[in-house]
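Two complexes follow with chain A in common, the first pairing it with chain B and the second with chain C.
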Partner chain A sequence: MPIADGGRALRKAAAEAEDQDPGAGAPPLSGGGGAPAPVTRGLLAMRIPVRRPGVWAAGAVLLALALAAVCAPLLTPYDPIATDTAATGLAPGSPGHPFGTDPLGRDLLARLLYGGRTSLLVGLTAAAITVGAGVLLGGIAAAGPRWLDELIARAADVLLSLPMLVVVLALAAVIGPSLGTVVLAVAATSWMSVALVARAELVGQRERLYVRAAYALGLSRGQVLRRHLLPGALPPIASIAAFEVGHAVLTESTLSFLGLGVPPNRPSWGNLLTEAQAHLLTGEWYTVAFPAACVVVTILAVNVLASAVARGEGRAW
Partner chain B sequence: MKRFLLLRAVTAVAVVIALSGLCFALLDLAPGSPAAEILEARSGGRPPAPADVARLERSMGLNDPLPVRYGRWVADAARGDFGTSYGSGRPVSEILADTAPWTLLLTVVAVLFSVVGAVGFGLAAALTRRAWLRRSIETFLFALGGMPGFVTSLLLLWVFAAWLRWLPSGGLSRPGEPVTLSVLVPHLVLPALALAFGHHFGTYARLVQTGVGRLRDAPHVENARARGLSRYTVTARHFVRLGMVPFTARLGVGVGTLVAGAYATEMIFSWPGVGRQAIYAAREQDYAVLTAVVLVTGVIVVLANFVGDLAVAWLDPRVRLTGGPDHAHR
Partner chain C sequence: MVSAVDAGSRGNAVSGGNAGSGENAVSGGNVLDVRGLTVEVPGRRVVDGLSLAVGAGRVVALVGPSGSGKSLTARSIVRLHDPSGAVRVSGTILLGESDVLSLGRRELREVRGRHVGYAFQDAVASLNPAITIGRHLAETVRAHGSGDAYALGAAALKRCGLAADDVWDARPYELSGGQAQRAALALATVLEPGLLIADEVTTALDPVTQAEVLDTIRAQAAGEGRAVLLITHDLAVAGRWADEIAVLSDGRVVEHGPSAEILRSPSAPFTRALVAAARLEAPGGVSLEKRRGDRERPVLLSVRGVRRVLRGRARTTVALDGADLDVREGESVAVVGRSGSGKSTLVGVLAALDRPDAGRVVAGGRDVWALRERDRRALRRGTGLVFQDALASFDPRYTVERVVAEALAGGGGVADLLERVGLDPAMAARRPATLSGGERQRVALARALAAGPRVLLADEPTTGLDVIAQERILALLARLRRDEGLSVVFVTHDLRVARRIADRVVVLADGAVVEDLPASSLDAASEAETRALLEATPRLGEPGPA
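Up next is the complex of A and B:
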C-alpha cells in the first residue's frame, strides 16, 4: 500500500505539483455576490467520499479502538502487568478472561487494551511531530534562502534513499529504548515526504493570482502564509498525514517487536508480539493472533481513510 | 543515456558519502569508550584498568582530532576493515563475511518471489475478464498492504510451520553441521516468502496491474493488433514490456525496504544473516558491528536503486532520451 517511501515517486509528485499552471485553479478573490459556488478552502475543501461504506466502517473501527484504549481501566478489572499463577495459559472464552491469558497468567484483553494505549499514543504523537516538522521544513524550504532549500532537499534525498528501519535501528541503539526514542526515530525518518509535498504545494501556490493579489493588497508575509498559503496546502498534507499515522503505528510495532522500541515492561502491541512469538510453536496461537490483528486492523483502517482523503482531495481544486 | 547515468551515479556517490558521515557520527557519539568495551570483552567481562584503557585508546588513535579519525575510519572501511566487535572481540569484517552471504541469498530469492508473484498477480488482475477474480486479487493485495512485514512472517510461520508442519520454523545452522541443499531449501522457503509478501508486494502487483491495464488499449497496441500480430506477441512485446516500467522503477527503491525488512524476518526465522546480527548488536549496543551493518546495507540499497534506474532506462527508451524517469510517465 502507498505508505510512501519511494523517493522517486515523491519527487515526481513534487514535480507535478510544481508543473501545475499557476493561475489555472485559483479561486475567485471574493466569495460574495453572484459567485456561482461558494469557495471552501482549508480542511473543508477536502471532499471525503462519505457515501462509501468502507470509509465509515474504517472510521468506526478506529474510533472504537481509540475509545477502548482510552477507557481501558473501565473495560477490564485486570492489571496488564500483574501475573496470576492460578490462571496461566487459559484459552480464549475462559470465564473471566474472554481473550484468555498468557503463560504468565496475565489477562490478554487487559494487555491488548493497555497496549493499544501505548501503540496509538506513540503512533499519533509520532505522526503529529512528523507532520509538524515536515510542514515547518517544507515551509522553510519554500520561503527561505536558496541554500537552505537546497540543503533540506539534499538531506531529504539522502534519508529517502536509506532504508528507514536501518536508520531507526541505529538511532534506537544510541538513545536507548523508550517511548520518546520511538517517536523521535519515526519523526526523523519520515518528515521528508511531508516536507517535499508541503514545499511543492507552497511553491506551486506562491505564483497564483490570489496570492499575488493578497500581497498587492498589502498583507504581510505572515498573513498571506496563514490565510492563503497554508489553507491551500492543507488537503494534500492532510492525506499524507493520515498515511503517516499508519506508518508510525507500523514502525512502533516493528521496533518494539525487535526489542528496540517501547521498553518491555510496558505493554504495546509490538511488545505483546515479541513475547508471544515463542508461543506460536507451542500452540498458544491467540497470544499472537490478537495483537497482530489489532496492528493489522488499525493500519488497514488508517489506509482506507487516508486513501479516501487522497482521492477526495484532488477534486477540491 | 550517458548524462542520465552520470547524474544517477553522482547522486549515488553523494548518498554514500552522507551515509558514511552518519555512520561515523553514530560510532563517535555512542556512549562509552570502545577501548574499554573491547578490553572487557577480551578479558571475559572483568572491568579493565584505566591505564590499559588509556593505552589502547592511544594506540587506536581515539584521541586524534575529528577529521583525522573520520578520514582513517573511511580509509579502513574502504579496505573492508570495520574494527573490532565490542561484544565478542572478533573483527567485524569476519562477522560480516560469516553472515552476509546468508542475507544475500535470502534477499535474492525474496526479490525473485516478489517479481514472479507481483507480475503474476498483476497480470492476472489486469488481463482477466472475470470480475470476481480481479476483485479477490485486489482484496488480497490490499490486505497484504496493511500487514507489517513481521506480522506476515508470523502468519506464515504459524500456518506452515506450527499448524500444517510442512516446513521448518527456523534454526538453519547448527554448529558443526554442514548445510546441504536438501536442508537449505525447506529452510529458505518461508523466510523468503515472508520477506517478499511483507514488503510492498501489494504496491508492486498494483503497479503491474495499472501499468499494463493502461496500455491495453493504447494506440500502438491497437496498431499491433490491426497488423495481425498474434495475441502473444502483442501482449508480450507491445504492452507488457512497457507496462513493467513503473513496477521496475519502484522495485529498485523497494529492494532497500526489503533488505531492511530482512532484519525482522531473520530474527523470526532465526536465519543466520546480517539482519539478526544487527538486531543483536543494537540490543547489546555493539556499535562497531551496528555501524558496519548499517553502512553495508546502505551501500547495497544505493546500488539496488542504481540498478533499478538502469533497468528502467533499458525498458523504456524515452528515459534514455530525456535523461530521467521522473517525467517519462504520468
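Up next is the complex of A and C:
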C-alpha cells in the first residue's frame, strides 16, 4: 500500500533495503533542485521529501481519519444505527450531539465515525488492489511476450468500453452483495487506466539511455526494474491512484444505493450522502456537508501524498 | 569536392559582399549589431557586456568554451528564452534599425523566421517528429504569409543541397543526421532572412557530413549575402569556415578579428589557451609514448565476423557486417567512422549488451553469448562504459553519489572515485543536471571505473564538450591508462581526438573494419574512407577558405 500510509511502509522498506546491500547505507542525500535536504531510501529507491510540511500534514490528516474510524466506540457513546425518536433532526451544536442528528434521531458524529470505517477500508483497499494489479499487469505487458501484451491491452480496451455499472452489476449478481464485492468491483473496473499508463511509462523508460547504462553495470532485469524503471513510472501512477481512492469511495456509495454494497442502514460516507439527498433543499445542510467534507479531505490528503512522489528531474533554462 | 565548393564560395564572397546582400541588408553593412549585451540567469550573470557586429555576407564564428554564454547570446538575439522570466536581458541588439529588446510580441514574431533564421544543434530534436519536412516549411511560410509555400520551400531545400522531391514528404526521423541538419537549415532560411544563426549545428556530425553542412552555410553567406553567426566550440571549424572569429570568455568578446589572424597570432591569453587546447597536443607525451611488443599482450576482448541487424518498425539496417576487432591489454584503440558506420553498435556488442546476429564475441577466452546470463552480467561489470550523452545515462532521480554508488559493488568509497577523476567529493550531493558537461562526463567515468574494469569503452565521450573540457577528459584518460593499465576503446568521429588518445586507429565503414593501423601512421593511410575522413577534418594552422 504505497499510497495509503506511505511514510510507514517506506520507512520499513528502507530498513529492508539497507539490510540487503550494506554498501548502499549511505548518508541521506540532497533533495530537489540541488538544495540539500534529507531523504529516505525506499524499496523502489523512491525519494520522500522530508522537508515538505504539506506532505506530513496530509499524512497526519489521513492517519487521524483512520484512527478516528478505528477508535469510533471510544469517541462516541452512540450506536450509529440506533434511532432516537426524542432527538430527531437536531442541528449541530445541540447538547450531546455536536454534529446534530438525522431525521431518524441517529447521531451524525457516530454515523460519520463508523461510516469512515467502511469508506476508508473500501477506498484504500480498492485503490491499493487497483494500483497493485494495474502495475503488475502493465509490467507484464511491457516486459512479457508480444501476445501477452496484446491480450492485456485488448482486455483493458474491452473493459473500458463497457459501462462500469453493467460490469459491477454482473459481478455482484455472481458473488452476492458484500463489502468484498464492492472492493472487487471497484478494482475490476478501474485497473485498466493504471495498467495502460504503467505499460506506456515502462516502455518509454526502457528505451532511455540510463537503463542501458544500468544494464552495462551488470544489473539484472529485476534490479533495473526495481531501481530505475518503476520509480520512473511511479509519479503518473501515483496521480491515478489518488484519483482511484476518491472513485472507490463514491462507487461504494453508488453500489450501496443500488443495494449491492453494504446494507443501506449501515453507515458509510457514501450512504450518508445518498440519504442526505432528500434533505438538500430543506435547510439541513449539515447532513450533506459533514460526510462530503470527509470525502473531500480524504481525497485531498491522498492527492498531496501522491504528489510527494515527485518526478525529481532537474530543469535548466 | 569540398575544396571546390570552398574555392567557389571564396570567389563569391569577394564579389557578393555587401552589395549582393538582398532586401534585408542594411545600409551600414552590419545586419546584426549587439552592444553591451548582458544576460542574467538566476544567481549568475552569464553574458556580461558583450558587443558584436555581423556584416552582410560574412560568416562570424562565436567561439568559446561551454558556459561562456554562446547559446544564451544567440537566443537573446531572437529572445528565445524561457517565458517564465528567469532570464534577464539588457543592452541593445540592433537588427538593421530596430532594437530586438524593445520589440513587442507581434513584432518579435515578425523578426523570428523572416529576419532571423535559427538552426539548432540537435536538428532532429528541433523538428516535430509527427509532421513532414514539407509541412514544417509550409507552416513557416504561412505564418508570415509570404506566398507559395512549395516554391519557397523547394528553393530553400535546393540551396541547402537537398532535393524537394526526396525530403518534402519525409518525417525528421527518416532522414540521416546530415540531411536533418540541412532540412533544419532550409527551414531557418526559407524566408531568406538577413541573418542566420547556426548554433553548434555540426557538433554531432561526422567530419565528412560536417564539411558538407558547413559548406552549405558558407554558400548561403556568399551566394545570398546572408550574415551568418556560427556558434561553435571548435576553433578548427571556425578557422576553416568562418571569415571572422569572435572569442567569448566569461560573457565577453575578448578577441575579434579575421580567422586566420586569430589562429596564427592570438593576442588575448584566453585565446592562446583555447588555441593550445584545440591543437590537441599531448603534454609530456603520455599517450604518444611508443609501446613495444603490443602484439604480444594478451587479448582481453575480441569480436570476430560480427553481424548485427537493427530491426526497426519500417526498415532494417545492417549496422555491423563482419566486423573484427581485438582489444589487447593496456592498449588504446580509437574506432573512427562516419555516422551510421556502426561505431556505437560495435560498442554495444563489445560491452556484451547487444547480441550479434552472427559472429563471436570473446572476452577473456570465453564466448560471451555461450555463457549463462549470470556470468555475462559479471562480465559486464568488468567493462566500463561511457556514453556521449552523459546526462542521459544517469537516472534523472539520482544524485552524483547514487549514480556512482550504484556501480560500486560494496566496498570502496564514492569520494575516492570522484577524486580519481578529478572531481570535488563535495559534488556527491549534487544532481548531474546541475553540473557542466565536462563534470558530467567525469562522473560517468567515475561510475565506469567503480567496479575496477580492465577495459573502458567510451562512445564519443568528448563530442559535445568544448576543447578545454575535452582536453581535460583526454588527459584524464591518458593518466588512467598509465596508472591503472586500463585498455581503452575510444569511439569518435574526430580524427584529431583519435590521434591524441590512441595507439591504434580502427576505421569503420558500412559495418566493417576497413583499416586498422597505428595512430602514428594515420597520415599514410591508403583506404578511401580514411582519406575522406582525414580530408574533411579541419586542422588548425591550415587556414581554410577565409
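To be clear about the criterion, the second predicted complex is superposed on the first by the 173 of 317 C-alpha atoms of A that agree within 3 Å, B and C clash if a C-alpha of one lies under 4 Å from a C-alpha of the other, contacts with A are read in each partner's own complex, and residues count from 1 in each chain.
Everything below uses one rule, namely that a contact is a pair of C-beta atoms (placed from the backbone, for glycine too) under 8 Å apart; a residue touches a chain by one contact, two chains touch by 3 or more.
This structure is a prediction, so every number in the text was calculated from the model and none was measured.
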Touched partner set for A:Ala172, first chain B, second chain C, both or neither: first
Partner chain(s) touched by A:Leu273 [first = chain B, second = chain C, both, neither]: first
Touching partner for A:Gly144 - first (chain B), second (chain C), both, neither: neither
Partner with the higher number of touched chain A residues, chain C or chain B: B
Chain B versus chain C as contact partner of A:Gly54, first or second or both or neither: neither
Touched partner set for A:Leu162, first chain B, second chain C, both or neither: first
Which of chain B and chain C A:Ser220 touches, first, second, both or neither: second
Which of chain B and chain C A:Pro98 touches, first, second, both or neither: neither
Common interface positions of chain A, toward chain B and toward chain C: none
Chain C-facing residues of chain A, complex: 21-24, 26, 29-30, 33-34, 36, 45, 47, 208-210, 212-220, 227-228, 231-232, 311-317
Residues of chain B touching chain A in the complex: 11, 14-15, 18-19, 22-23, 26, 29-31, 142-143, 145-151, 154-155, 157-158, 161-163, 169, 202-203, 249-250, 253-254, 256-257, 259-261, 263-264, 267-268, 278-279, 281-283, 285, 287, 290-291, 293-294, 297-298, 301-302, 305, 325-327, 330
Parts of chain C lying in touch with chain A, wherever the complex brings them together: 41, 81-82, 86-87, 351, 353, 373, 377-381, 383, 385, 387, 389, 392-397, 399, 401-402, 405-411, 414, 428-431, 433-434, 447, 451
Sites on chain A touched by chain B in the complex: 1-3, 5-9, 11-12, 15-16, 154, 157-158, 161-167, 169-170, 172-174, 246, 250, 253-254, 257-260, 273, 277, 280-281, 283, 285, 288-289, 292, 295-297, 299-300, 303
